[in-house]
Amino acid sequence: MVQFRSVTKSFGGSSPAVLDVSFHLRKGEFAFLTGASGAGKTTILKLVHMLHRPSSGEVRVSRYSSSRIKRRDLPDLRRRVGYIFQDFRLLENLTAEENIAFALQVTGTAKAKIAPRVRKLLNQVGLAARAQAFPRELSGGEQQRVAVARALANEPLVLLADEPTGNLDERASSGVFELFRRINASGTSVLMATHDAELLRRHRNVRVIELEEGRLVFDSAGDPVA
Amino acid sequence: MRSLREALSGIRRAPALTVLSVMAIGLSVFSIGLFALTAHNIDVALSDVEGRVEVVAYLRDDASEELIEIARHEIESYPEVESARYVSKVEALYEASRELTEFSDVYSDLEVNPLPASLEIALRPDFRTPVDVETVADRVTSYHFVEEARYGREWVDRIYSLRRVAGGAAVILGLSFAFGAALLIGIAVRMSVLARAREIAVMQTVGATDGYIRRPFLIEGLMTGLGGGLLALALTFVTYQAVERTLVSLAWLPDLWTAAGLAFAGILGMLAAGRAVRRELRRLDVY
Amino acid sequence: MRSLREALSGIRRAPALTVLSVMAIGLSVFSIGLFALTAHNIDVALSDVEGRVEVVAYLRDDASEELIEIARHEIESYPEVESARYVSKVEALYEASRELTEFSDVYSDLEVNPLPASLEIALRPDFRTPVDVETVADRVTSYHFVEEARYGREWVDRIYSLRRVAGGAAVILGLSFAFGAALLIGIAVRMSVLARAREIAVMQTVGATDGYIRRPFLIEGLMTGLGGGLLALALTFVTYQAVERTLVSLAWLPDLWTAAGLAFAGILGMLAAGRAVRRELRRLDVY
Amino acid sequence: MVQFRSVTKSFGGSSPAVLDVSFHLRKGEFAFLTGASGAGKTTILKLVHMLHRPSSGEVRVSRYSSSRIKRRDLPDLRRRVGYIFQDFRLLENLTAEENIAFALQVTGTAKAKIAPRVRKLLNQVGLAARAQAFPRELSGGEQQRVAVARALANEPLVLLADEPTGNLDERASSGVFELFRRINASGTSVLMATHDAELLRRHRNVRVIELEEGRLVFDSAGDPVA
């Protein structure tokens, strides 16, 4: 589903943010992406979403390749890949429910289907009571959960989650994590960047990909290029 | 429908920005409107003055009235001529004393009438160029009973150069004002796009197509442009009324001009919006 | 110093916005400039025409030259009078035949000179009002050898109403254009403040005082205003040159006017900026 | 130093964000502020910084009171209270080091003193190498550490930290926490909002104030109003 082949991404600084990384996340697989602050986790996720273009190497996502994809194909790719941004990226002018509905409108979902779907998502992240609030009226954790709901709205093939529990307490964290597991069980691949050591410890059976200064230094699934 | 709703909600979301854009566009199209009003009225005034371009043939005192009447008919059949009017010596004196009040006393003291009879020859609109006027004057002079034909050569030349210069100035000033308006519309729309740069980026990450993102901005640009155009029309009309009531009588713009002005403002708003969004879209995405 | 540096870096940070603001201000002050140029030239033309306001006293043919010369001196000593010129019958005929070319043939045929001698009385600048002109005409008529005094009453009245109307129009149009310019400057500065709303909020949370936050914006507004004023000055001068070369000879604006225009643009920019920032500051903080 | 007396803050919604909260943070004291997402932690910190006005009750900070403070006194208050925002609030147009220097310029610090102080702060948060980067070029954790350095720049009397380790891995987290402890040891009061259960467990001797739906439900220091 997601395949990195010797991917390097340099921003022109002294050392590249991502250096010669290869791995393969299969359909329906769940993996933690871990590493210290600045190790390159967000950069990897953005490469999957094709918000960055690799400096060298190739990123393949579903049937698209970073070296051949056309500008007009990007919307289709991004509809299949849900992304929970580290900084949320909610639309300030829309309420929580409008932010979620927006992702559905953009993909041309039938109007009648939007409202019930939004309600269900808000319930799943425990925000039904704050549906009408604007992002600036939400607490940090509440904003993060709106971002989670939005990323799940279109039932993506791949879910990218960047520190999705960074602003959540233990209970809300497990709630979101359980949600991911359910989504994953229904066939969606999940790549979740986190430095929540506790979470890794608690889920030892989940695949872990570890970065250090841009390099892939550990992958519990073994074979890097498949 | 979605785009229209989005455009409206865009306007509602940033009403101040939209009002300001409309005002900016309104002000700049207003300057075009003022200019059009001026140009149109110069035009009207010019064609009025031009209507007075005529050749006057002064007649010998000994010419017979029958011959003159025959000649008058002949002259009226020239392709360049609209009409030829006979002015007798008596009429000439009467007109002179009426037109030159300062000398009316003097004339009434005269014992002989020193003024000659004449034929006043008016030309058709298409034949009021310096060349045509001279042709007519020359042909008329060939009658033996015509003493002299006058036509204010300089006067004709002046009107023509004035019209040419006015036309040129109209085009140059009109274009530069239009440029100014386009600039302001571009600023306004670009601001509104910039104010939503984050929104656009988020839309892209959620998988919205370029067309989907662009459409509401185009409609918003069109509406802002039309709003500005209407404002300009209102301002121009108010100015027209004000000048009409206090200064001089003016002609209002032809309907075609106002319609063209509105269309111009609307299309300009849309194009400026389209350009601004397209640039923003390319800037935000790496592919 | 810090404020200046900040203002410059503010401009550097958003050069597009600043350039656009300067252009917007430039365009609107340019319209004021064009108007000032027009008004100034109407003024020059008016005072030229006004200089020709004169009273003409037609003299009896039997008046002795000595008496006339004495009267001329007396008249020149009136407080309202600038000069009085004697025009003999011969000169009158000569001038008439020169001014009225159409009738030159006629005049040369005359056996008696029908034109009277006259005194052409020019008035001082401050005494060219309808009332003063009439006073002088009345006093002059009281000389027994004066047949009649003419002064084109209507003409004098017309010049005066024209100047009054022109003055009124100048004030009204000038004010509305200034309002438009202020509006645009306000828009531009408000945009630049809005573009930095986040920055302002962050400065407040870091403990910057209102004055500290405001100062760079004020200076930026001043500089933007002055930039716009200079641009407008340049545009006006180019227009002036273009019209001067192609259409008619024009007078350039008095230095005082251009200086006032620049100062106006600068101060307007600063005030608009100050207003916009103050509003933003109050909006962002709850106390 | 910081005193809450029956403070309630309502945003007009159904239930207030903070309800009848009283506590006293003494000079040189260190306290964790904890509670689930949406419990009111950020709202409490913003009340201390006087970014919100209490709906009822009184907040006292140093010699200022929320009921008597004048608009013109706010800058002085805010210079004495360092604040690490949950969403960082860096100036996008300034580099990491300029963002820190800015806080010093605003308070009129002598120019010659600014550069060395900024360098020292960058070192303390481990960002010396990224000094010239703009916020958008920094990883989430790097931005967070710039925010930490900026809050410490003016040697505040009170340090408010809102989830300052939410985007940091374990090692960077302890680094920042140790920095807070040092600052605290030199006399600065620290109020740190967090839901890092691990952190609370590791520092059982530190005072904990716990919120639940806006109410203060637990304060390990005992006496609420002092």
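Labels for the chains are A, B, C and D, by order of writing; each one numbers its residues from 1.
Everything that follows uses one rule, which is that a residue touches a chain if its C-beta (ideal position, glycine included) is under 8 Å from a C-beta of that chain, and two chains touch if they have at least 3 such contacts.
All values reported here derive from a predicted model rather than from experimental measurement.
Centre-to-centre, using mean CA coordinates, chain B is 25 Å away from chain C. The geometric centre of chain A is 29 Å away from that of chain D, both derived from CA atoms. Centre-to-centre spacing of chain A and chain B amounts to 62 Å, using the average Cα coordinate of each chain. Centre to centre, using the average C-alpha position, chain B and chain D are separated by 68 Å. Annotation for chain A: no residues touch 2 or more other chains. Among the residues of chain C, none is found touching two or more other chains. Viewed as a network of touching protein chains, the structure reduces to one closed ring of chains, two contacts apiece. Every pair of chains meeting the contact definition is listed here: A-B, A-D, B-C, C-D. Taken in their complex, chain B has these residues touching chain C: 20, 23-24, 27-28, 31, 96, 100, 102-103, 106-107, 109-110, 114-115, 150, 165, 168-169, 172, 180, 183-184, 187, 190-191, 194-195, 242-243, 246-247. On the side of chain B, the complex with chain A involves touching residues 2, 13, 198-199, 201-210, 212, 285-287.
Chain D contributes residues 49-53, 69-72, 74-79, 83, 85, 89-93, 102-103, 105-107, 150, 154 to its touches with chain C in the complex. Of all residues in chain A, those touching chain D in their complex are 11, 13, 34-38, 41-42, 86-87, 130, 133, 137, 139-142, 144-145, 162-163, 166-172, 195, 197-198.
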